[in-house]
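What follows is a group of structures, each given as structure tokens.
In the two assemblies presented below, chain A is common to both, partnered first by chain B and then by chain C.
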Partner chain A sequence: MLKNSLLGQIDKKYLLLLGWTMIIGVSILFYLFPQSGLFFLLFLCSLLVLYYLPVNNALRYLAAAIILVGIMPLVGMQNTYYFDVITQVGIYASLAIGLNIVVGFAGLLNFGYVAFYAFGAYLYAIFASSQAANFIPAAVAHFPLSGHWFWVFLALSAVLTAGLGLLLGFPVLRLRGDYLAIVTLGFAEIIRIVFNNLDKPINITNGPKGISPIQPPELFGMVLNQPIHFYFIVLVILVLTIIIASRLDSSRIGRCWAAIREDELAARSMGVPVVRMKLLAFAIGASFAGVMGVIFAAKQTFVDPSSFGFMESIGILSMVIVGGMGNIAGVIIGAVGVVMLQLNILKEFSEYLGQLAAQGILNIPSQVDPAKYEKLIYGLILILACIYRPQGLMPASRSLPAWLKKKGKDQITNGIQEDKTDVT
Partner chain B sequence: MEQFLQLLPQCLLDGLTLGVVYAIVALGYTMVYGVLELINFAHSEIFMVGAFAGTEVLLYLQTYGYLTGIPAPVALVLALIVAMFLSGGMGVLMERIAYRPLRNAPRLVPLISAIGVSFFLQDAVRLVEGLWKNAFYLTAPSIFPTSIQISANLRLPVKSMVVMFSAVVMMLGLHMFVTRTKWGKAIRAVAQDRDTSALMSINVDRVISLTFFIGAALGGAAGTLFACQYSLISPYVGFILGIKAFTAAVLGGIGSIPGAMAGGILLGVLESLGAASLGIATNGAMGAEYKDVFAFVILIAVLILKPSGLFGEETGEKV
Partner chain C sequence: MLLEAKGINKSFGGLTAVNDIDFSMEQGQIASIIGPNGAGKTTFFNIISGYYNPDKGKITFDGLDVTTLSPEKVAACGIARTFQNIRLFPDLMAVENVLVGMHLHLRASMARIIFNTPGVRREEEKAYEEARSLLQYAGLEGKETELARSLSYGDQRRLEVARALAVKPKMLLLDEPTAGMNPRETDEMKEFILHLRDEKKVTILLIEHDMKVVMGISDWITVLNYGVKIAEGTPREIRNNPEVIKAYLGQEAV
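Moving on to the complex of A and B:
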């Protein structure tokens, strides 16, 4: 393979030097030019470089922590726009990791993932705004609830959406792959339509107008409503999500999921409790979405049904597919790529085209504004990804269990794992 | 109750008109599923392309003043032919580009590329219409404006009759084609067993292309009829209709052609009745805005209770 032969030729020292120079250089440049979109992209790329850099894990995590906890907030203080973007990336990355549990680990195609996200968002929105006063008498509780309840709702939403996932999962998990996809799609549409119309007879969701304002979270009396607060909330949740998902993947449960995904019949005959494991995947995936929904509602301070359409489900699904089903790092890259495409690249590109048009170099009608044709580009990416990289940018590889890994440890020299299979 | 009985005839008629449109679109889903075991998610966009093509033809005839010169049925047939060929061609192209390379891939992969095609077509049509007409919502000229008042509670618009008549002609034509011709036999053979039909010197690729062409052409025709009946179309009109047509195909038993026809009509009538009675039953608290929920609930119920549908064969899982 190219990578291996390159590694063989170039001295590892130079590779390390190059990597660190890039990471540190880009961080400094990004700090000096916080307005530049290009450096922001390079900054994200440097995290990817860090992921591949042949150093030991302690150093890697330390560097990642310095970048994410130190440098990013420093830049974000100067330009809150990138704070918003990276928070958005974090929310979608967590959602994609959650969906990845269902689609990538257990192999159950879920087109209605956004329903759980919507449920979580509405759960917090209704009780953290004056909306709940419409159906709960003031004698019971006074609404809106204070921001301290945010933390309670994070847990509550995780539990309730998991329950909702079980409720949906029970009847439908008997269905084969593509039927399951359609049913989950139908379920998500039902949820959306219900939220859209539940402003009568009792006004619960305020219908298409949406709910606003929603209380921001509070911690020890401090109101968390600045972008930096949400950045850290999302960062903590994202790290937790990554840890939970990767621990699940390498656990007994994860191996059961992989067995079901590869061959359900074989798994069943080997004694894997197929139904229970599928339900578990569904419920865990759902609860991730529920938690992110609460954060989304608190961050936006506004929810309405239009944020939870089919398009959103497909957006999250495409992050999983493009990044690499079943691979957590891949899914995060997918999320970064898709969100950046949506929020940053297309927008900058259309601004650039607009500048060209203003200078009279290029004459393009406003209908061809690339920012409006997100779906067209999504569609193309999905088709091309399916044809050329059906496994995603970073395909999942099943790692060995710990006791087997120990045997292979002597093959791992200085952090570079030699790929024995390439020799043959 | 009395109120409901008064509404009943009109509901049935509206439901029937909607139902035949569902039925023709459902045929496309069911045929493709029959030969490839693939839910062609982009079929709803084929329908949409057909609606736009037909409407554009009618608008063209209108702007150049031909619409008053030639009889309305001729104009409709012209629009239908253009729409069918355009949609059919699109269907064949779609199969060639997005599905054929994935024929041996895991089942989920073509499903996702189908969604890619669907998104691509939606925005592509929007882009083309935006550039051309400066607006991507079109209003089809009404070519059958008259209607017949049968009784106090029932009005029969001529366009509904035209839609139903054309739909029945197409379904009969398809039925004859599939049961009486050599190509029809080939389609049935491929649906039954692809490998064996290849051994029997059937050109499987060509049969699959043909299936896509026919299914897509029917979808395109349904689009044109839809535009005639409901006038306003947008690039996003296909999504919800596609899901409902798919529901109809599942309801009738996916893979079964008569099932798709029956399922479509049944779903149309059920939906129309459901939307009307829900408002009356809840005293106006819940109304027609829940009619889409109705279709989804039917879909979920059918899949859970009787996944093989009304006309489908009970098939065990292949090991």
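Moving on to the complex of A and C:
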């Protein structure tokens, strides 16, 4: 027993050493070779290692801050492509965290999440381009609005999409499971088709042609249109969504959501206001998507209805399911995995095969180019996940919040001490 | 009168599950509803706790009309219940199950939760302490962080009662609290129910099949058969009531 624990301690030391070496080593390598896709992947993995490393949280957060605020931008300046990729990861991670509140915490299957994302994106796009001039006379306001309005629209979009969530929630939340999924799916399609067709009689959304150009954000007169700006905007919002989602999860509200998910009838007889709590989950999830939509529109400077199709909803949902429903860290991993698969892994693999073909080693017809099989691989991953790991890569586990846990431990040791004094 | 139900009627299609039942209870009583299977006992429970609205009749609790209130409103009025087939939140820890029951007494607003104010922490800490002591009271000490699904059957039944107590009810509805328990567990549950009444000052209405339990702890017994109240009275009166004996043991026994 003593030996075992001793061994455990030595192991832990080696583990720590190994972990830190990897994190620091990979960071340096990534800095030296900013073009390497492999090091980029390893760099993302080192964040996961950091998550699991047995160190105290202050140190963990410090290291994460150094990596994300220091190293990533340094590398990103040399290779803006990875900046774009990681910003994309951040956007999808926030979306997945928002959807996770609805699907993972409250257990309401939602196939129409992308509708709120679209709403947020169009909200900013219409007013931050000359589009709004089509239906609002110049006497009232001059369009496009300046980039300073970006920050207002972040908040406005959060509020309005939450309202839209409530509006959808009221009629459909009496439905459960599959029925709810179908209705939300229909809702997302309606929103997309409305945006697609709202170019007449009054041209509001410019129809399938989309809206462009959209004003980039401005802060104190500085125009924020570089990848690094969006990287930091997304990073800040992502951190905020993580904090909000995890605090809600461990609060009385999160417990109500879990209770509804587990047994709605029992929850009701405990006095849980089921309808109100479901609406709350819907509204909060929607507002996360609305905020991300505004950022998406500002980053792309172009929106059109094709960005908000059904596949997008499925993509976000698969991040939640593959990552681990109900677990925020798991959901982020899911987002990283799915986005990397889309943007990085398949593409690199295609390029590699292309190289082989160019060297005459291998002759692959262009029909089997892996980059074209993204959806197939998506589907395979979802099927495999459902068969072999239905709880996700990182399943949710219940535990007490850290400060309560500590308290519990103190009491236990106190108890032991009391016992001892009894004996003497 | 704490609870008063008058002329309660409920039918499903052609079947009258509960037929014109009058029922009342005083503060601090332990009352039982007994009757053969399908007599309408659980339906009557479901009507009181708000899952069904009666077709006819009126229920008042503590001076309030609760006839058509939803289950969550009924709980807020101070009626908590357990279920015949245990309905816990299986993937939550035992202590979280109790904390869900406390929901009605927690006040933290969403904004304060997001900013994690000291007030929220204090409230959570207090609620957690209370939940721990409730678990201890129900005999589940040391099992706070176990998932409800991994508890033994008897422990699950006790946890369900602890969760109902967390609502701080004036009245507790227990639907077959000793179903499936062995004689020792049954005795413990019997003691526990008596303690509940004496220490927590809750009024208790139970459905029960175990006659030893019913006769041992009830102040008042109501007997249902085919949705109709066929008798009521003290345990002694019920034991000797020929109608009841007929319903339970068949014609020959009389």
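Everything below uses one rule, namely that the second predicted complex is superposed on the first by the 391 of 424 C-alpha atoms of A that agree within 3 Å, B and C clash if a C-alpha of one lies under 4 Å from a C-alpha of the other, contacts with A are read in each partner's own complex, and residues count from 1 in each chain.
Simple rule for what comes next: a contact is a pair of C-beta atoms (placed from the backbone, for glycine too) under 8 Å apart; a residue touches a chain by one contact, two chains touch by 3 or more.
It should be emphasised that the depicted structure is a prediction, and the values quoted were computed from it without experimental measurement.
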item	value
Combined model on chain A where chain B meets chain C, clash or fit	fit
First (chain B), second (chain C), both or neither touched by A:I314	first
Angle, in degrees and to the nearest 10, that opens at chain A between the C-alpha centres of chain B and chain C	80
First, second, both or neither for A:D178, with chain B first and chain C second	first
Which of chain B and chain C A:F302 touches, first, second, both or neither	neither
First, second, both or neither for A:I387, with chain B first and chain C second	first
Chain B versus chain C as contact partner of A:L265, first or second or both or neither	both
First (chain B), second (chain C), both or neither touched by A:P201	first
Touching partner for A:I190 - first (chain B), second (chain C), both, neither	first
Partner chain(s) touched by A:K375 [first = chain B, second = chain C, both, neither]	first
Partner chain in contact with A:L248 - chain B first, chain C second, else both or neither	second
Residue contacts with chain A in the superposition, chain B compared against chain C	B
Smallest separation of CA atoms, chain C relative to chain B, angstrom	10
Chain B and chain C contact sites that coincide on chain A, given as residue numbers	265
In the complex with chain A, residue positions of chain B that touch it	38-39, 97-98, 101-102, 105-113, 115-124, 126-127, 130-131, 134, 239, 243, 246-247, 250, 282, 285-286, 289-290, 292-293, 296-297, 299-300, 303-304, 307, 317, 319
Chain A contact footprint on chain C (complex, rising order)	49-51, 70-72, 74-76, 80-81, 83, 87-93, 95-96, 99-101, 103-104, 106, 108, 110, 113-114, 116, 120-121, 124-125, 127-128, 144-145, 147, 163-164, 166-167
Residue ranges of chain A touching chain C (in the complex, touch as defined)	243-244, 247-248, 251-253, 255-256, 258-259, 262-263, 265-274, 280, 398-401, 403-404, 407-408
Chain B-touching residues of chain A, taken from the complex the two chains share	103, 107, 109, 171-172, 174-179, 181-183, 185-187, 189-190, 193-194, 196-197, 200-201, 265, 310, 314, 317-318, 321, 365, 367-368, 373-376, 378-383, 385-387, 390
